[in-house]
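Take a look at the structures listed below.
After this come two complexes, each holding subunit A, first together with subunit B and then together with subunit C.
Take a look at the complex of A and B:
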């Protein structure tokens, strides 16, 4: 288990100097103390401030939590505000001991609805990020509370903007199929590594639903509408990691064409677009679909889009790439490719070879820091509309009949 | 002129293969009344009970060789 990638041995928030992997059988004696980053083995309370002002923590179990928190807080210097959202303010920061080490400090706002405690988004984000340690998943570096009892989350700082910016900036940076493959590799690994999550936005992530011990269905309203799979749009009470494969499939298509694939403004419109672009979900291609709680499709049914049409639209990634894309966008989640199957697909081995990380086109435009700040400040999984209002366009109920009248 | 590289490793060295247990392809019949493996109420949305077994087996064995007291002593952690 020591080397399991599923068990992250995160650098302890309190002891960042400790090795991140546990000592394994390579240690000569299992009971021999291993050198650690802790400055003093003395059991007394010893706080050592080095010249840079960083505080090291001694080996004592009886240090008051407030003090631990203050030391943790003291490790970082908060800089300018990168962005403000409904959910959090995001600041640029750096390590006090090494100002070249930049971080993003996300100060979670106290939300009106959750005055009595921590907002569930923050809990979820913390709960999942602290478990995950993977190069393709944003790193949680530390957590502390500030004087006003706000939760502060210290995250890896990603200044290069996101793929969305790159995709939309059609006049800017050119990229090719090999680049698409390299990015897709990173996205796919991130999704495979931890089922139901988004890569830098874990506020709405959750572990597998457990149908044995709970009857509570999972919430269907969890993925930003453009990337929301049909089973969630139809209100399926139980779903699987296949929801994320759909989202990745939509991103894949967007990376290839540099245009949104299914830019619905409402759930209803999103379903219409899926029917038009990918095909109408019916009992034939998805047994049981008509019994899903919010099943509703336009009357004029469209057959599932054939391979030739995909080849015309997305042929630049080759026949193998189109095959993978079609499997990711299978309407019936049971027929959708799994994350593992996705990574085992032959497209990855087909020509061209994915671009190496260091050679990928980068978005170095100004404004990325601000974009990062806004993204991190936004309530997880929800895109703000132009007026900064959230969720106004999300129709709760689907009623194609009414819409037509 | 790319230098010679091995085949692209899609898992980037991170594949997970459990070394203390092996999952069977066959899904066991659950000792519960609900047949979540076949009941369309669960499966139509894509729910796959095998994911649950993957999780349950993983949690059953995770850390079996971890001796918390000894290792805390070893690393000098709080």
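Take a look at the complex of A and C:
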């Protein structure tokens, strides 16, 4: 059945204060017996009557909307701008009560041309991030609006950038197959958990299981073009979690070779690249492909790239790794590995073992965050220009310190 | 199944929006008390218009402010009256949704948003007639249907896009920015597949039960607090039991079919783990759990039975219903929050105040020194009482019935 009837009654809806307490520690065991019937609620659900509870319990159901928002807003101190995009600006921030607890505050830009309230991208991002709690998916800590009605999304701070930065920074940090395996492990587990790959950017995410969207055609334009699978490029009106496997496969190849695999500038170019690098999709290797709405391939058809060529290009991850890569990049989505098969693939058990998390290149987040906290500890909550400058220095130090390592 | 339970426990529906009945009613009482206190304070702190300008006020006739002079507080809604109005307006929301032919998911999501919003916010504080439209607009958005505010507003008399959008941020705050609502419709489909799989259930009967249960799900849980107390599958099974008790019984019996098999503590270590797993499984699918589930569903069932689908049309403009809510509505007109009832003015004032405070969103990383933290700088926000009153009078006319007469 889609939903098990076994869920126990909620015993307390008082939600822990996320930035200080991780939800993992509070999630009750699903196997725990139902503590009480509905007629005799357990003492745990007695509502705290103290009105000052408003300042200690962020998700106390009592707090009216506006007060809760102001309180959430006050909880964080917004600092230096980390980045600017068309969709949002990202700021470094920290907990007012504990400056060592760094966060990223993503301020959604007001889109002038969108006159219908909060932008759909922001709604989608929030809707999905709110429901997710997985170590490999960025954590949503809080949301608030600032006075001029901007949406601010407080996220777990990932100080060391993203995999893209790592791949591109060829001068800096050397890494090996074991590191690749560790990163791939994180990605694969994240995908398996949710079935979608936009691990840190849910603006374009859409729940696959959603009964009211599955029978509605989805827009084909959802993945950055380099990671877009052929079925989307050919305009398939319905698609599955297999699109994400393709994307992860492309990332896998990029991690191995530190070079973009299919850097098409346009959809046409992307299709040509796929035909050249992976092989031309035909009725032979993908029954039904020619009837997809936008099916069009270059005239000189390339056969599917054989294993030997993959071994030459990606052999550093071994025969097992190449096997997994090839399965992820299967042209026909029905023949692509599933997320579960991907996790069960023998590559994970083959040598070398994945690098331990704490030994991964540039993954020095916690130590530096702590140092930052110590630096800031002397003047907790003080906001002056020094703060911004210091944040700047720290950010640079994180970079070089890690690069040396 | 246990894995699904674990997943459900991660959902905001469980973590933020599930309460025991005692907790929910305590929260509503608290919300009501808080609103009374705040509104009293605001009414008392306003300049008594009748006393200060008894002769000059020919151009500002304001009967309500005369009645609400200092020391003369209106009678407030009780928590029970608030709940009655909440149900009344939830029915109005469903009526509007049906009129506009929104999907089942959008309809239900909007209704649940509305009920969630008014857990910690009083009907006296924020106007339900406005919020229900914003809920419908936002319910569409969350389900991937992006309406133009102008066009949406045109469906309602005396409604502007500005009015719809003024409540949007407020609604989001009230929802704790949790936009995913899990409904029981899909669980019903799954139960039907399951019953079909048994192979010996008459398909016509199945179809009838499915339709009846779906009709119940489209009304009863949205008009009661079922979503706050029960999981989607519990709600679904309760609806199924109302639709066809025997079929419900069958599903429960087939699901919890295992006898209890205790693990043997003296077993050799290699088989101990497997035995423990088997015991766990037999516990989850055994008679004890079955009885617990049955008890939960029985109580959910009696909740749903209070609002059977047949009552739906009774809510809509019938004389009985009008009479039932009239006294509460009359009270509401006198006791609503003078600084919150006009959402457009509130929204505007907040923006203007933000601009004045230079809260231009911290481009330099500073928090403006004067930025308020308790959110109650209404004196600053609402400087001009008279202007506000004029606006409110204008709005008030439109509050009686946002959808015009009965359809």
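The working rule: the second predicted complex is superposed on the first by the 291 of 405 C-alpha atoms of A that agree within 3 Å, B and C clash if a C-alpha of one lies under 4 Å from a C-alpha of the other, contacts with A are read in each partner's own complex, and residues count from 1 in each chain.
Here is the rule we go by: a contact is a pair of C-beta atoms (placed from the backbone, for glycine too) under 8 Å apart; a residue touches a chain by one contact, two chains touch by 3 or more.
All of these numbers come straight from a predicted model, not from anything done at the bench.
In the superposition on chain A, contact is made by A:150 with subunit C only, not with subunit B. In the superposition on chain A, contact of A:354 is made with subunit B only, not with subunit C.
Of the two partner chains placed by superposition, A:346 touches none, neither subunit B nor subunit C.
Contact with subunit B, but none with subunit C, is seen for A:231 once the two complexes are overlaid on the shared chain.
When the two complexes are overlaid on their common chain A, residue A:69 makes contact with subunit C while staying clear of subunit B. By the touch criterion stated above, A:78 is placed in contact with subunit C alone, subunit B being left untouched.
In the superposed pair of complexes, A:240 makes contact with subunit B only, with no contact to subunit C.
Subunit A residues in contact with subunit B (one complex) as well as with subunit C (other complex) are 1-2, 4-7, 15, 23, 27, 30-31, 34, 38, 41, 59, 61, 211-212. If you check the complex, the residues on subunit B that touch subunit A are 2, 5, 7-8, 10-12, 14-16, 18-20, 30, 32, 34, 36, 40-49, 51-52, 55, 58, 61-66, 70-71, 73-78.
The residues of subunit A lying in touch with subunit C in their complex are 1-11, 13, 15, 23, 27-28, 30-31, 34, 37-39, 41, 45-47, 49, 51, 59, 61-71, 74, 77-81, 91, 107, 115-118, 120, 123, 126-128, 130-133, 143-151, 206, 211-213, 216, 383, 387-388, 391. Per the touch definition, subunit A reaches subunit B in the complex via residues 1-2, 4-7, 12, 14-15, 18, 22-23, 27, 30-34, 36, 38, 41, 59-61, 134-136, 185, 188-189, 192-193, 195, 207-212, 231, 234, 236-243, 286-289, 291-292, 332-334, 336, 343-344, 348-349, 353-354. Residues of subunit C touching subunit A in their complex: 1-6, 8-12, 14-23, 26-27, 30-31, 34, 103-105, 117, 119-122, 125, 137-138, 141-144, 146-149, 161, 164-165, 168-174, 176-180, 182, 184-187, 189-191, 194, 229, 231-234, 236-237, 252, 255, 280, 284, 289, 292-293, 295-297, 299, 347, 350-351, 353-355, 357, 359-367, 371-376.
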